[in-house]
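Consider the two complexes below, in which subunit A is the common component and subunit B and subunit C are the respective partners.
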Partner chain A sequence: MLNIEGLLVHFPYDYIYPEQYSYMLELKRTLDAKGHGVLEMPSGTGKTISLLSLIVAYQKVFPLEVSKLIYCSRTVPEIEKVVEELRKLMEYYSKQTGESNNFLALALSSRKNLCIHPELMHANIVVYSYHYLLDPKIADLVSKELTKKSVVVFDEAHNIDNVCIDSMSVNISRRTLDRCQTNVETLQNTIQKIKETDATKLKMEYRRLVEGLKEANVARETDVYLSNPVLPDEILQEAVPGTIRTAEHFVGFLKRFLEYLKSRLRVHHVVQESTPQFLKDIFDKVCIDRKPLRFCAERLRSLLRTLEIADIADFSAVTLISNFATLVSTYSQGFTIIIEPFEDRTPTIANPVLHFSCMDPSIAIKPVFQRFQSVIITSGTLSPLDIYPRILDFRPVTMASFTMTLARTCLCPLIVGRGNDQVALSSKFETREDFAVIRNYGSLLQEMSAIVPDGIVAFFTSYMYMENIVAAWYEQGILENIQRNKLIFIETPDAAETSMALEKYQEACENGRGAILLSVARGKVSEGIDFVHHFGRAVIMFGVPYVYTQSRILKARLEYLRDQFQIRENDFLTFDAMRHAAQCVGRVIRGKTDYGLMIFADKRYARADKRGKLPRWIQEHISDGSLNLTVDEAVQLSKHFLRQMAQPFRQEDQLGLSLLTLEQLESEEMLKKISQIAHQT
Partner chain B sequence: MDEEPERTKRWEGGYERTWEVLKEDESGSLKATVEEILFQSKRKRVTESHGQVRLGMMRHLHLVVDCSRSMEDQDLKPNRLTASLKLIETFVEEYFDQNPISQLGIITTKNKRAEKLTDLAGNPKKHIVALKKAVDTVCLGEPSLYNSLHLAIQTLKHMPGHTSREILVILSSLTTCDPANICELIKTLKSLKVRVSVIGLSAEVRVCTVLTRETGGSYHVILDESHFKELLMLHVKPPPASSSSECSLIRMGFPQHIIASLTDQEAKPSFSMSHLDSSSGADLSLGGYFCPQCHAKYTELPVECKVCGLTLVSAPHLARSFHHLFPLQAFTESPTEQLQKDRFCQACQGELKDKSIFSCPSCCSVFCVECDLFIHDSLHCCPC
Partner chain C sequence: MDDQGCPRCKTTKYRNPSLKLMVNVCGHTLCENCVEMLFARGSGNCVQCDTPLRKSNFRVQLFEDPAVDKEVEIRKKVLKIYNKRDFDFPSLREYNDYLEQLEDTVYNLTNNIDVENTKLQMEQYQKENRDLIQKNKVKLTREQEEVEELILLEQQGNEQRRLDLLQEEQRQLQAKRKNKQALLDELEQSQLPATILLAQHKVRAAKLETQIEQQKQAVKPTSLFSTGIHMHQTVSLQPPPKIEEVLYHYKPLQVVTYGPPVPELEQLGRLGYLNHVRAAMPQDTAGGYTSALACHRAIQDAFSGLFPLKR
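Presenting the complex of A and B:
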């Protein structure tokens, strides 16, 4: 039982980390202020349980202030972890208070477990994936009836802007259009059939549409629903326009729209245009007005409901197109349309794609910030903190970064800037093909493979770069030398292949053979897979993982960021690269008893603008002496570090320093120390 | 600087600037502080002895020495192999000194194979000769933990249940090349009650952690050469016997040593039984130890009689093993100033000049550091 500024919190463990206490303190202040918060705390320090136990305690004490916790996480394993912690907390509660649990918690994991039972409305805690809240297509189904007095938590939120953008972007390829064509034909046939058997149904629908979407409007005004960014407010004021009111007319309308899109895909060079340009073009060419386009998504939904079609998944293509129609006619800003006739990598193969790309993540998340009283954005790596409120366009009441209190320095970040021959190491474009750099990268990996036990994870900036380097290493015989020390596994874009490689990698770490996993920043491994203890004793980041800057979508987004949010291109690119680098290296430290080397193999990391963007808990362990090391120096330091870490380390060593009992926590001195853990920005 | 006691942990400080610890005294001499450091390290070993537990005094220890490519690393001087073999030599001597009725065998592993360097035997000389020869071994390939353990089991599993079965692995490499899944072997080791300990020369390897945890051994990684020696010496003391190990009265024979001179007409030269199976060193001798039960001859003790299976030891051997069971209590340390009586060490009669003195808790006699160490390390009983 902890006392956090007057709030009694049940904490289900005997010991607590100082930073957990500090975290709860900040969290409570955020809830008190009924505002939003951005909190960064290193992974493995018990973020989840701190969040859960504080918010649950808050709900119990102030049921009128906070009635629901919505916990969003990214992947199914993460959701399972949250549920496990929650179960522990609930058991602890019922043991402490002696009464049976009247708290209802609900977890929605994958589509196959999807449940939209009305019980959801009464649950005290809901745990589900981001998409249920951010993706307008799903949010409408699942989340629209959540009460305003909820606390929303986005865990692992370092990529939240990309999730927002993805949920609002639409990519249309020729295949999509073909499938859509079939959909429309099916619709037409069904309508024909129904018309013959049950014409009244269609008439009913028509009448309802004349009445307009009043119902939805009333609901939104009385604050029952979460607003849907696909369905802007203005639409609700009006009735569905006459041109698409009857089912046949609507299908005809869809056909026309489809033909237009098909014609647009028949291009031979890249076209980029804004949404108003697109609307003007569509009006000129096929006389489709803006207004019916805007109602397209809603009209289709109504039609599908009327036709009583059970399996909506079959109609995903036509739903996609209609969503696109609504979005393109609704937003004149924040989106761009790019039509590429072929992929950059394969200029000979025609594969036209229409990218309708969202450039403003705040559009998707805006309703969430507006509706819920507290939104908490948290992750192990959120540095620099101030950029998130800027790109998501909200005002947080608390922004804090927590450090990790350690009884022993269990992470060892090293920046290797030079090879043994003093050649500067860098993955930058000009030196990418440089033989000397590739060779030095090879010798770094080779030396490390000889001194690091069990598992090493190496990250490259892209698949292409990895392929080039590995091929060069093979020719130079470096690969063979490495294989004398450890087995080598490679991540590929193929998910099945990668999970196979991962399994074998773990086996090799387990039985003493030792292994190296070559993977790619921004890949599956870098985002979702933890390398605890021996599965990752060292991580090597070859180069700075800048995003592919030649992409037109990215260029458009950078331009938009500069114009709208005054964020310079370079700042954003560096921020994006560093958050991915931090994610990659953060994979190896998953707790205080864990230890691992973090090797940044690029001289650019030594620069203050890069280093300063790493999370504070990594940054504070980079000493001035380890900024520009040669391979040899890094090897010496690593050897020393690994020997030190191999010395016995027991729980008693941590107690009182990085692990506290209740008495220790309540001492004056410790409270003073704890107040220094959180860094406000 | 020392606000937090935890600062003293070795992993806390980055580089140890040992030269900064040294301070000159008034006369400009460094001696005082150097002595202080030495003194601290000497004391440590004595105080760490454990209390009264059942110990496995008859030990069968297989020493596995990694001779793979990584032993060529020069972080121990002149290289890992030479440094290790030298330390192992001292270990072997110390081992037989402290455990006279125990046996030891050495296995080397390199190039994915394991080979016996010496068989399980009770004579330190043979081992030391073999170790001296091994210095010239060419280190190559990877070690095989599996093969070494498997080889060690082959002999250890025939050892009687009341003795301890131990394996100590000196592992330099971070990788092992195994023909089969080592987890199965660990299970076998566990069921055979073989205790495996590992001393790592580079870093913590997962499979060793599992291996030692499952079999009840210890796992340490060295920091430097002196730490290496310290860790080796930990294995000189017999390990606590597991409660499940058999305990029974053991029949032992105390053979008489018969010395015959060449002039003696009745004396007939004969072979030692222990040399029957080994091709080397089988030469005739006159005298020897004769088994009181079957009169088989042996030239060295302790040994298990090849004919009747009786354990043959000499009385001093048993006596020397005895102290492990009843270790001498650690002496209490106190500053010299507190001593009211005349300041002389009760053992060496020298004047007590050091900062602190040591007194025996049972007879209250005072001793100097040197004598304290001597009493605990060699004498094993309080002289007063």
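Presenting the complex of A and C:
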């Protein structure tokens, strides 16, 4: 039972980390101020339970201030973990207070569990995926009844800007259009049939549209729609325009729009347009105005309901096109349309695609910030903190970064910038084919495989790069040498192969043979898999994981960021690369008794602008002496570190320093130390 | 689209890469060569539906479905006539009804339903609303105006940003060059040892760098309110200083006439001057005009023109 500035919090464990206490303190202050917060807390320090226990305590003491907790996570395994912690917390509560809990927690994980509106209204805690709150198409259905006085927590939110962008972007290929054509023909036939058998339904729908009445279950209270953040109320309440009132007119409208899109996809060179230009062209070619486009998605939904179509999944293509129509006519800024006749890397295969990409992540998340009283964005790797408020366009009341208090330094970040022959190591485009660089990387991995026990994880910047390097290593005979020390497993774009590789890797680490997992910085392994204890004793980051910089969509987005938010292209690219690097590297430490080597194998990491973008809890362990090591020096330092870590380390050694009991927590000096943990920005 | 062929000669794009398909008012396609051959005399019948057609009505097909081409053509023609806008109507409901009527018209013409009647209706509408149609022909609809505005704004914004960026870069280059030059000058002239000067130069260069960084990071805040007042202008709360001056007295104008004085404006009616003056119409009095004003003016003119007799 903790006392955090007057609030009594039940914490279900006997020991607590000082940074957990500090985190809860900051969180409480954010909730008191009824504002938004950005909090960076290192991975493996019990972030989830701190969040849950503080917010549940707050809910119990101030039920009117915070009526709901909405916990958003990225993947289903993470949601399951949260539910486990919550269960433990609730058991602890009932043991302590002796009374049964009347708290209702709801976890939404799959499509089967969607129709639960009444339950959502009564639940105190809701756990689901980001998309239910951010994707405008889904948010409307699921998150409508959530009240203003809720706290929203986005966990593992370092990639939230990409999630926002993806939820508002649409890609249309030739195949989509062909499927849409079939859908429209089916709609036309169904309408024909219904007119012959039972025309009353269509007539009722028509009358309703004429009167401008909305559907009964679409009527809302005083809160603003989540799905249409840009339009003011009057426009949302407007009646559907006369051009698409009757079903036949609407189907003809869809046909014309479809034909227009087909004609646009027949280009022979790349076209980039803004939304107003696109709309002007639509009007010139097929006389389609902006207003009926805006109502397209709504009209289609109404039509599908009236025709009582049972299997909506068949109509996914036409739904996509109608969503695209609504998006393109609603937003005049922050989007760009790029039509490519073929992909850059396969210029001979004709594959025309229309990319309607969102360049501004704040558009999708703005309704969340406006609607809910407190939104907390938290993750292990959110540095530099001030970029997130800028690109998501919100003003937080707290921005804090926490470090790990360690009884013994359990992480050892090293920046290897040179090979033994003094050749600079880098994954820069110009040096990718350099024989010497590849050989040096190989010797680094070889040496590490000889001294590091159990498992090593190595990350490359892209699949192609990884394949090139591994092929070169094979020719140079390096792979053979490595295999004498450890087994090698590789991640591939195929999910089944990767999970098999992962399984075997874990088996090899368990039984002592030792293994190396070669994977890619933006792949499935780096996003979701934890390498605790012996599964990951060292992680090697080969190069700086920049995204493919020649992509036109990326270039448009960078230009937009520069113009709107005054963020330089280089800064943003570096920030993006470093957050992925930090994510990869953070996989290896999951707790204070765990230890790991973090090797950054690229000379560019030593530069201040890149080093400064690493999270604080990694940065503070990088000494000036470990900035530009050669492979040999790195091996020496690693040997020393590993031998130190292998000494027995008991929990009692941690007590008082990095692990506290309740009495130790309440001593004066400890509280002073704790207040210094949070580094405000 | 590339797999489609001409229905008559069956050539496709594969066999003739420069093949162009043309569509006419009946909605059927023909390749360019067939059009040339069949309509050499300028008119003929459609191959598939036998409707009389003219060669000049053939247009290059833009869409895969020729029915859509036909509909778009008809729509453009109808829109030229039915071009009322939303504020021509008293309520949104009526505007929507009008739009629906427009759709019905296009639908009927495209699918050959009730063509005669629809054409009659169109003619009637055209006759009734001739003036409105003329007026609206010139202006775009409001939606199009909005879109045009946005495009214009964008282009202006882009141009502005490009110029700003260029200027910034120039300025930075200049600053760097000046700094270097200053160092060289100092080395030449100053008495201090070279190491100190180099250190100073480094400090200056670092400061310049941070300045540039900050400038780049800083969002340019506006300094003007929309009324033109500067944002940081302190409004003084003291009363303005008092300036004492001589009080102005109004003296009415004296006109010297050789002869009797001009009668006053108010007496004109009584003295009978207004009897032969056209009375003011209601439209005139609305603006404040009275017939006495004109009369007084005329009398003033007349009296001022009097000369003394030479005796």
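Assume the second predicted complex is superposed on the first by the 654 of 681 C-alpha atoms of A that agree within 3 Å, B and C clash if a C-alpha of one lies under 4 Å from a C-alpha of the other, contacts with A are read in each partner's own complex, and residues count from 1 in each chain.
What we mean here is this: contacts are C-beta pairs under 8 Å (C-beta built on N, C-alpha and C of every residue); 3 or more make two chains touch, one makes a residue touch a chain.
Note that this is a predicted model, so its numbers are computed, not measured.
**Student:** Regarding the shared-chain residue A:S332, is it in contact with subunit B (first), subunit C (second), both, or neither?
**Tutor:** Second partner only, subunit C.
**Student:** Could you look at A:L279 and tell me whether it touches subunit B, subunit C, both or neither (first, second, both, neither)?
**Tutor:** The answer is second: A:L279 touches subunit C but not subunit B.
**Student:** Once chain A of both complexes is superposed, is A:C287 in touch with subunit B (first), subunit C (second), both, or neither?
**Tutor:** So A:C287 only meets subunit C here.
**Student:** Examine A:A450 and indicate which partner it touches, taking first as subunit B and second as subunit C; both and neither are also allowed.
**Tutor:** first
**Student:** In the superposed arrangement, which partner chain does A:S316 touch: subunit B (first), subunit C (second), both, or neither?
**Tutor:** neither
**Student:** For A:R408, select first, second, both or neither according to whether it touches subunit B, subunit C, the two together, or no partner.
**Tutor:** In the superposition, A:R408 touches subunit B alone.
**Student:** Once chain A of both complexes is superposed, is A:Q373 in touch with subunit B (first), subunit C (second), both, or neither?
**Tutor:** Neither partner.
**Student:** Would you tell me the residues on subunit A in contact with subunit B in one complex that are also in contact with subunit C in the other?
**Tutor:** Of subunit A, no residue contacts subunit B in one complex and subunit C in the other.
**Student:** Of all residues in subunit B, which touch subunit A in the complex?
**Tutor:** 4, 6, 9-12, 14, 69-70, 75, 142, 145, 174-178, 181-183, 200, 202-209, 220-223
**Student:** Which of the residues in subunit C end up touching subunit A in this complex?
**Tutor:** 1, 62-65, 68, 71-72, 75-76, 79, 92-93, 95-104, 107, 141, 143-144, 146-148, 150-151, 154, 157, 161, 216-219
**Student:** Any idea which subunit A residues touch subunit C in the complex?
**Tutor:** The contact residues of subunit A facing subunit C are 210, 212, 238-243, 245-246, 248-249, 252, 255-256, 259-260, 262-263, 266, 274, 276-277, 279-280, 283, 285-287, 289-291, 332, 563, 566, 568.
**Student:** Enumerate the contact residues on subunit A facing subunit B in the complex.
**Tutor:** Going by the criterion above, the answer is residues 407-409, 450-454, 484-486, 509-514, 533-534, 537, 623, 639, 642-648, 653, 657.
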